[in-house]
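Letters A, B, C and D mark the chains as written, and numbering starts fresh at 1 in each.
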Amino acid sequence: MEKPFAITLDVGSSLANHTGSWRTERPVYVDRLPPCNHACPAGENIQGWLYYAESGDYLRAWKSLVENNPLPAIMGRVCYHPCETGCNRAQLDQPVNIHAVERFLGDEAIRRGWQFTPGTPTGKRVLVVGSGPSGLSAAYQLARFGHQVIIYEAGPAAGGMMRFGIPKYRLPREVLDAEIARITDMGVSIHLNTHVDDLARVMQEEKFDAVFLAVGAHVAKRAYIPAGDAAKILDALAVLRSVEAGEPPLLGRRVLVYGGGNTALDVARTAKRLGATETLIVYRRNREKMPAHDSEVQEALEEGIQFKWLSTIKKATDTTFTVEKMRLDEKGFPQPTGEFETIEGDSLVLALGQDVDLSFLERVDGLEIVDGVVKVSARMMTGHAGVFAGGDMVPAERTVTVAVGHGKKAARNIDAYLRSDVYNGPTKHELAAFDKLNTWYYSDAPLTVQPLLDAARRESTFDEVVKGLDENNALFEARRCLSCGNCFECDNCYGVCPDNAVLKLGAGKRFEFNYDYCKGCGMCAAECPCGAIEMVPETI
Amino acid sequence: MPFEQIKFYQTGTFTVGNRLLDISDRAVQSDTKRSNALNSGHRACRGCGEALGARYAVDAAMRAANKNLIAVNATGCLEVFSTPYPETSWQVAWMHSLFGNASAVAAGVAAAMKAKGRKEVRVIAQGGDGGTADIGMGCLSGMFERNDDVLYICYDNEAYMNTGVQRSGTTPAAARTATTPSVGPEPGNTFGQGKSLPLIAMAHHIPYVATASVANLHDLEYKVEKATVIHGARYIHVHVPCPLGWGSEPHDTIKVARAAVESGLFPLFEAEFGDVTAHTPIRRPQPVEDYLKLQKRFAHLFRPVRDEIRLAAIQSIADRNIQRFGLLEEVTR
Amino acid sequence: MQIRIHGRGGQGVVSAAEMLSIAAFLEGRYAQAFPSFGSERMGAPVMAFCRIDDHPIRSREPVMHPDALIIQDPTLLHQAGLFDGLDPSGFVLINSTRGLKELGIASALEHLPPGHACAMPATELAMRFVGRPLPNGTLLGGFAAMTGTLRLESVVAAIRSKFPGKVGESNVAAAEAAYELVAHRGALEEVHV
Amino acid sequence: MFKQIEGSRAVAETVALCRPQVICAYPITPQTHIVEALGEMVKSGELAGCEFVNVESEFGALSVAIGASAAGARSYTATASQGLLFMAEAVYNASGLGLPIVMTIGNRAIGAPINIWNDHSDSMSMRDAGWIQLFAETNQEAADLHIQAFRLAEELSCPVMVCMDGFILTHAYDRIDLATQEQVDGWLPPYEPQQVLDPADPVSIGAMVGPDAFAEVRYLAHHKQLRALERIPVLSREFFKTFGRNSGGLLRTYHTDGAETVVVALGSVNGTIQEAVDELRADGVSIGSISICSYRPFPLADVQAALADAKRVVVLEKSLAVGLGGMLATDVQMAIQSRQRRVYTVIAGLGGRAITKVSLMDLFRQARRDALESVTFLDLNWDAITRQLARETAVRRSGPIAENILKDLGELSSRIA
């Protein structure tokens, strides 16, 4: 029967009314740079691998992670995770426990024996000097490009500072060995106890197309302390190295450590484990000014390490040390006060930082040294074409993570250099700051604290202090990620549009706006939890 | 929570959808197969809360009724912007009769379905606060009292918006409307006790009464789906901000609705046979000022001078709701 | 034949008219019964009408010129217009325990043919048979006896159709008793129980 | 099958035979007996497959019927007087949406002063609402018209009001020939809606229509009633074939051929008019009458034809167009505007005032002498009016009119007319 005129209408007819013409602003999907990625010295795409980890796809998460860093199990342990300092979630409850998830993925990879695959051979030969984090990172990246990589390592074992600077209880050696092995399994060859005394000659004789220098900084800085002959004064690196070599030095019951860096803490905690009953760290400034990472200070305190702030050591005898009190001036520099006191101690370990041994570079022309470190360009290349450098031997913060970042960056530039090309990284997106987020949609989920080894066992053994996460809480941690600045397909825009003007393209394909009907109310942008939609004015 | 709380699934927990959830557990609105009962091309204002509420509610009802749904609409914005000849935005069997009789018309539809033995068909009636709380009150009360098999959904934007923002029975205290201008010694709406439709509905001891808000989709969908399959008279009162009438930013519609819920001014609860059986806890408590400041209709409470007395009075209304419905108490089930 | 019944609300005046029409219908005649549509307050003066004819009845006016009056309540006797339009050869049946002479309405009745006026204690009979002061059914029995326009069986059937069951039967009994009384009344045209 | 029953009961039983699926009830005198009876039949199961909804108001009653009808159910309700006014908004809506609802009106006056008795003011107030309005002359016709109403309504998708005089018909016991279920089932097909709310085939009913199409929608409503003018006589004839009774149709004439004076009226008063006509004709007066059954649509052509021989027309109306006179008279004027004929409007029977044969005959005699005012009020108590008017000119606050007049007249209820 014919429907009544006008009062009865067929469904769907309103599609003829294109309300998009009302619009003065249009929503557009954007990608913003998450603060974790922004803060990572190794340039990891943290949010990227967390995305896979959230769904329990650890292999893909790991593969994504090692794009930028071949040492997740190590990094998850020794990195001081600036990513977590930058994490927006910190402003909501606590930052995502990124390093713990990274460590979980690294350990998972070792457990399951996941491997790297080298690139198709290019026929180019690259020399890497030093098998520390930056050397290994560079070697790995270069191997992925298909270049043949040879590492010359002066020491008896690969790993550099990771092995000789960082104690076992922070980085178990089986973990270190496993991740180095995975790199050598790619075809990277490491020549141990191979000291490069004349780089120019080696390059010429062994026909390397490029070199990456990553010898690190191993020469302990010294301070002049008038001391009697019997006074026992050692340097931190020597102590740690001999412990690693299995010949721990005799430090006595009362050990003083002089310095405020991470090495000072490492050596102090090592001394404790070697049987010292009293370990005292003497530092010329206060705790706030201490360069060592807070978590380490915290753990040290738990282990009974004592601190003497605002103090410098002036004089040493065999059992006593004279200390002068300091005060900080308005600029925060320590100034002598003239007040002295005497502390009893059996030995003093100096942890005042390290210098780079640059002797082997003397005959490399064009290479420039400034303040005891090698000057490099933005592309990590030294003044000598084809010679690149990174890690502790170039001007930068000296951490494993920075080193890994250098290695990656250098490798990409070396690869470009070998193709007589120039490497240009992707342009960075605008930072996804906290104010770009709509955090109501994130449920409350406080961070999971990693279990710690109980203090008693810490004093006697070198067992790993910080334990890992099991799968459940690793998954939980991964899911605490806010996905700042990048669509994670939560369907909010799709759901909150009063005009059904958002098209859902299907899993992984994100969304599109249907500008025929979008009135530009901006609700999608306002309600996007992660700030991945921007309203831009229409040109009228 | 009154609705089956999704266990911790990262950012998706309170968002519309969640890639980590099984499709069947996802929100109706996240489903590409949702009905879009109120489709594109309607003439609602930018950021219309009622359009959003209707989309949410009717799509949820459509899923619960397995698409066997008939919707009756009272006169008002929703009806006018959705069905101006020659175009309709509805993709559901839909009918509009008059301003005050949606509940009665729906009761008639339900009676017809019963007489024809069409048990599978579910009937909803929808209207604004004017058509529900004021002119439609008689028919609504009759429908409740007879326990007709109808789900009535009121989209409350707290004034007669279609006619140009005049005061309705649900206009909140102190709010400015065209008929309660912000002038004189008592600017805005008179400071009365207001008219709580949900409580009036509960007084009929009908099987189900609930409040919902466009600010909490999961809660709203849960309630509508639950109500759709219950037999007898049911009532759901949905809070829907109106950018035009409230003087809020179109993009803030959900933000405003959320502030109403989180401040306690619009409590989310369920009642069965006259007794409150559940409430949706406040997640991120906010003072009422956060809500009021987003809306020009309350501007006179802040300018030229802060009206401390009224602000305190409004806060006390919220506090009373919080205490009355235990809105800060987590739900353990 | 046109009948007008006077009584008070609650005395079954309207039912009486309806039963008359049913009785006539049962005798194959055309009949029409309707009330005076007064608001149905207890105790208020009420009228009901009945027309009986051998042809279809078209008129819808109230009965202006009754051929018979049934007065269910003697307290109405002196009300203005009670006897208006009564046919000179019409009938008057009054519910009263007193004799016609004692009712003081001789002037209204003197023109009527002999035997066309009768007073009977319908309420008393009703009390006896029905147990309630509802004289209508009883009066119909008397009416049938007095006028002969309807057969007692028809009236009885009408009462039964209007009031099925016990109430009907008791009314039937009362009507039959009334019929007997009126049929065998003395020359005084009064009925004493 | 013949029965001696009350008009309301006859209507109720006939409506039941039409197998309604939804019945809405709200009490108002004098329609109440109809829905009471139907309610009983639904409860007892005698009327199966039907929902009986006790609503909270007349507005609700028709609204429920609107929903039910739109959902494809045969729907029925009944009301009167104030009730019809209270549902007025829905009355227009039902016709605007083209929903074939059938509604009985137990015609009754409209207050104030409140008055429960019969006249036509209620139906007249809704004459332009787009409903078909059929007036019953007898209870037999009242019953029969409902069967025709359902069929007409559903054929045209247009609601129908069956108007029967309150009390005079609704409360009168008459000899009624009731149809049988077989007859009705054979004559009235099941409801086949023009539009229906069906989830399987969704449509939007009740769109907002602007200036661009509203006039067309209204014209189509008018056109629908013009089609009804053709269908009503046809259905009446078909009805006769099946049921053997003459009921309905547009109008019925009584001795109009060659009659100089012709009386036109609606509803039950026609019976008394015919009685008067007979007596006058016996006295040699040339008079006849027309009973109009279909007031909306108004049968202009048929009225004109029926009045072809008339020299004068007396339109007897049970309603008053205050400030004008008669509504029916205006329509009759329109029917015969081409010819110069006197049309007298007589307002009678307002608020239950009895219309007696005596008054009518006197009235018609005056008409024959053309001694009538163009608007005449039958049996008006001029003394009471003059006294009240005098009071009003004397005192500003002369008190409520109705009470004053009652004082003048004394207690009325025991009076006959």
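Throughout what follows, a residue touches a chain if its C-beta (ideal position, glycine included) is under 8 Å from a C-beta of that chain, and two chains touch if they have at least 3 such contacts.
The model shown is predicted, which means the values in this text are computed figures rather than measured ones.
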Need the graph distance between chain B and chain C over the touch network, please. 2
Which chain is in the middle, if each chain's centre is the mean of its C-alpha atoms? B
Rounded to the nearest whole Å, what is the centre-to-centre distance of chain A and chain B, using the mean of the C-alpha atoms as each centre? 50
Can you compute the centre-to-centre distance for chain B and chain D, using the mean CA position of each chain? Integer Å is fine. 44
Per the C-alpha centroid definition, the whole-Å distance linking chain A and chain D comes out as 92
Suppose each chain is reduced to the average of its Cα coordinates; what separation in Å results between chain C and chain D? 34
Could you tell me which residues belong to chain C and also touch two or more other chains? none
Would you mind listing the residues of chain A that make contact with two or more other chains? 6-7, 9-11
What positions in chain D touch 2 or more of the other chains? 97, 202-207, 209, 213
Can you work out from the touch definition every pair of chains that touches here? A-B, A-D, B-D, C-D
Touching residues (chain side chain B, partner chain D) in the complex: 65, 67-70, 72-73, 79-80, 82-86, 88, 90-98, 100-101, 104-116, 121, 138-139, 141-142, 145-146, 148
Could you pull out which chain B residues touch chain A in their complex? 8-20, 26-27, 29-30, 32, 36, 38-44, 46-49, 51-52, 55, 82-83, 85-92, 217, 249-255, 258, 283-284
Can you check the complex and tell me which residues of chain D touch chain A? 96-98, 157, 192-195, 202-207, 209, 213-214, 216-217, 220
Please give the residue numbers of chain D that touch chain B in the complex, ascending. 21-22, 24, 49-51, 53-57, 59-60, 63-73, 75, 89-90, 93, 97, 197-199, 201-210, 212-213
Given the complex with chain B, which residues does chain A contribute to the contact? 6-7, 9-19, 22, 54-55, 440-443, 445, 476, 478-483, 488-492, 494-496, 498-501, 504, 506-507, 514, 516-517, 519-523, 525-527, 529-530, 535
